[in-house]
Amino acid sequence: MNPADKPEDAATARLLVTCPDQPGIISAVSTFLYNHGANITDLDQHSSDHQDGTFFLRLEFQTPGLDCSHEALENNFRNRVANRYGMQWHISYAADKKRMAVLVSRHDHVIMDLLWRVSRGDLPAVIPMVISNHDDLRGEVERFGIPYHHIPVTRDNKEEAEAQALELLEGQVDVIVLARYMQILSPTFVARHPHRIINIHHSFLPAFVGANPYQQAHDRGVKLIGATSHYVTEDLDQGPIIEQNVQRVSHRHSAAELRGLGQDVERQVMLRAVRWHLEDRVIVDGNKTVVFVK
Amino acid sequence: MNPADKPEDAATARLLVTCPDQPGIISAVSTFLYNHGANITDLDQHSSDHQDGTFFLRLEFQTPGLDCSHEALENNFRNRVANRYGMQWHISYAADKKRMAVLVSRHDHVIMDLLWRVSRGDLPAVIPMVISNHDDLRGEVERFGIPYHHIPVTRDNKEEAEAQALELLEGQVDVIVLARYMQILSPTFVARHPHRIINIHHSFLPAFVGANPYQQAHDRGVKLIGATSHYVTEDLDQGPIIEQNVQRVSHRHSAAELRGLGQDVERQVMLRAVRWHLEDRVIVDGNKTVVFVK
Amino acid sequence: MNPADKPEDAATARLLVTCPDQPGIISAVSTFLYNHGANITDLDQHSSDHQDGTFFLRLEFQTPGLDCSHEALENNFRNRVANRYGMQWHISYAADKKRMAVLVSRHDHVIMDLLWRVSRGDLPAVIPMVISNHDDLRGEVERFGIPYHHIPVTRDNKEEAEAQALELLEGQVDVIVLARYMQILSPTFVARHPHRIINIHHSFLPAFVGANPYQQAHDRGVKLIGATSHYVTEDLDQGPIIEQNVQRVSHRHSAAELRGLGQDVERQVMLRAVRWHLEDRVIVDGNKTVVFVK
Amino acid sequence: MNPADKPEDAATARLLVTCPDQPGIISAVSTFLYNHGANITDLDQHSSDHQDGTFFLRLEFQTPGLDCSHEALENNFRNRVANRYGMQWHISYAADKKRMAVLVSRHDHVIMDLLWRVSRGDLPAVIPMVISNHDDLRGEVERFGIPYHHIPVTRDNKEEAEAQALELLEGQVDVIVLARYMQILSPTFVARHPHRIINIHHSFLPAFVGANPYQQAHDRGVKLIGATSHYVTEDLDQGPIIEQNVQRVSHRHSAAELRGLGQDVERQVMLRAVRWHLEDRVIVDGNKTVVFVK
């Protein structure tokens, strides 16, 4: 069952707020919404520091009793609340599923899980396109009725290939998932989609940064392997971490087996990161994240 | 380091609220506090159902800017907010550590961890007394400077023994922890401390209720064993669950080894349940709990 | 990559042994194999009790240096070792992938993971058929090139339907997986495939046996939900447990959400149980299992 | 209950073997023991590679039926088996508990757990001495009847202080545990106790090597913190890893709280590493370990 297909979800809105902390914010926001007939059904907040900290808020409210249009609500919120407190803010509506592009190379273990879960309504998203630098997964993807764009990347055409991808994505997507996309995105590309590109790194960052982490882990004889999902920034593997998890391993596992076990962790970690992003549970705080988990 | 010894904690208050859900509660509570100069630094809430559900709230606020005494604040809250919404509510102050009595029989693995953590300031409590139906642990307990009361319980003096314990406890404690206390408390005893007695049950409720659960678990060939911490009600082992955890086991473990592994889980689960209770993170909802975990 | 496709696996054989424990068994078995040119590459054993216990052995050996045929090796083992120690035993060869039938009703979350993993070589099996009492999943299954048999089951034709399924399965399969098959198998059916039918039970055995376990778990306010995979015996849900796992939940999860989280645990637990069975890692010991995990 | 106090343990011996892999080793060892009346009750083995790999063996056997003295058994094993296969090997007897020295600075969370478990028989060891560069924990340690040696370490006396410690330890201990000992041991010191010094690192190595890992983890916004126990070698924090574990954290935790949570993980990880070492379950393989876990 698709959560976004549940009757109550048709009417659910979510407000995300980041602003300098000061007394009175919750009172101001909740009173504003109450006065407009919005019923708050979930509220989570965080302050990075009680003194001179940053305040983060996620709030779910129901819209059926609203006394005005979405547009009017947002305008009023801007004028009467947001500007006063210097807020960065955003309201989204569960009925408007996020558009999620998937970039992939040849590994299918992450993308297949995402496509399958979106198709059965387990992830609240639509997938307008898959872009790949290989043609291998075309059949698998098109079977779900999703357009598949093959944009080969070579040493020479990298800039041009990125431009082609950016053009396809322009205005069409709310979030981009790198489901084991083995090309490094240029700063130009990343700057066009700030905090909207989610990557899965096959390692428990910051350990084993870089290539071949499973071999590195095997050589070091670690007892746990992990995976890290993070937003992509200009610094490779250094963006804000959304989710991590680990799997116990032993001396009996070869580097190849670590990879196999690691892929299941990657898939699981990516799924949680994507789900939280789609449900507006993640707010970026500098190079960290605030994640309001259910 | 004792969290309650941190400077900021001297000024931290916590409000717990349970009431029928309706729009406007958060606005009313947060505006009330703001108007009295209280700075909200943490807020967590839950609604059991958006329609005709029950609303639960935990709120931390800082008291240095209060424009009135604690007593006046509480009176005003009762008159202006709580009564209007039909609230059950309570305000506690981190500076007033809860008084925690410990009842124990002979197993020391749970009580020693609690005593040790309280003594080093890791658990925000004071322990005014330990009561036991055996004298075995007197030395261990008194070493911490805590009075030890030995009240033997036999088949014949059970009622009398409980009366003696109740008299010792009367007005002296905020919470009672059964750290492997092997006597069943009478309904009379329980009724005097509703939702204030915390028990740890070895094994995984509701599986293997009753005697010798590790032998039962061994005979059944389970792959996980667990422990459950719950508030004590009249129904043995059936009170509201606060916390549970499990430990992986295999065919290699004897029933005795399951018990050893289980004791570590019991200790860990009990610690979390007690900590959450001491930090006012648990609200009882019928036969369930709402636990606002950090 | 399919582990059974690895060059070394073409030559891997596995010996499983159960017998009354007595000194000298390992010496006898290992010397026998050594003398025949078999190279032991893995050995795991267990004794239920040092006195009058049962001895369990799993042994992997490489066959390239064998001085005789598989058939001769097995005959010699029977005559020279197995009979002397009263062994139940079995030798299987990694190159001969097990034939695994899947029985399913309408839930696709378990079966799809199995089909997908077999198809990409992550599980060493072939699937000769899927049998279902509904026609819903035909398309999904046939896409993998696997025959799909729809055998409707009603109150009146149960016996007949089972007979039809048994006939299809007769001699065609090594293991039967109930991937959320919502019909209770008769003792007759079970007796034909002893310790070869694997079921996944939602929720945590022996808690919440029976219908609607997630609602039961929700009503009880548990903090963990789980899944159990076990061999099917005549006693419903009471067969030898192969694997169990749990997932942390909270008061925020509805019964429907518990089901969603539970399905991921079911899938994960089933996968491990099936994998271990296919790799000859599970030996049944009365109503328990010995699982020689990597 | 002390496992080593169990009647059967009085008679348990353990053989550890490392040697170049070749066919016939298990047959040779098990037949040797069988012929001497030793009853093998547990056997675990590992080969780093089927071709030109290293073979590792851990074997438990019962000694009551031995046809010769321990000394004769060991001599015969050396002459008839070990030399033939080029084995590094060692036989230990559960009745001879290992002597474990503890080095500590001021943090008591790890050492107290060790002392408490040894005193109640949960860890099979005797503790002949505690050495500290501070005097803070003297009372806590002496209460267990264990000699406490205060050897202050300054910038100037480091060499001398180490010499003093080495003299105390010389011939008195089988293993040295650094229970949060905040001094870096010199190569000279380490060389005197190769693979016999166990350290707990307050981090999930190889992430956050070095000082103040909890602050590093907080700054990086990780979602898991961990601890690593390893043998000490000349390379700081780079020795063979014995055990690791992690704890989930969130944006709500301050660096100080990460430290508090981390200390519980440190304690747990150290306990497992020490237990496995005491039970002869760990074999060092270059810069990795083979751990034969129960």
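Some points to look at:
Residue numbering begins at 1 within each chain, and the chains themselves are lettered A, B, C and D in the order written.
Basically, a residue touches a chain if its C-beta (ideal position, glycine included) is under 8 Å from a C-beta of that chain, and two chains touch if they have at least 3 such contacts.
These numbers were taken from a predicted model, which means no experiment stands behind them.
Residue numbering shows that subunit A and subunit B use the same positions for more than half of their mutual interface. Of all the chains, the one whose CA centre sits at the greatest distance from that of subunit C is B. Subunit B maps onto subunit C through a rotation of 180 degrees [Cα fit, steps of 5, range 0 to 180].
Here the spacing of subunit B and subunit C, counted between their Cα centres, is 42 Å.
For the pair subunit C and subunit D, the distance between mean C-alpha positions equals 37 Å. Of all residues in subunit C, those touching 2 or more other chains are 250, 252, listed in ascending order. Chain contact topology: the protein chains form a complete graph, every chain touching every other one.
Those residues of subunit B that touch subunit D in the shared complex are 1, 108, 112, 116, 120, 122, 143, 250, 252-253, 256, 260, 294. Residues 46, 204-208, 219-224, 226, 240-246, 250-252, 285, 287-291, 293 of subunit C touch subunit B in their complex. Those residues of subunit C lying in contact with subunit D across their complex are 8, 23-24, 26-27, 30-31, 33-34, 37, 39-45, 47, 50, 62, 65.
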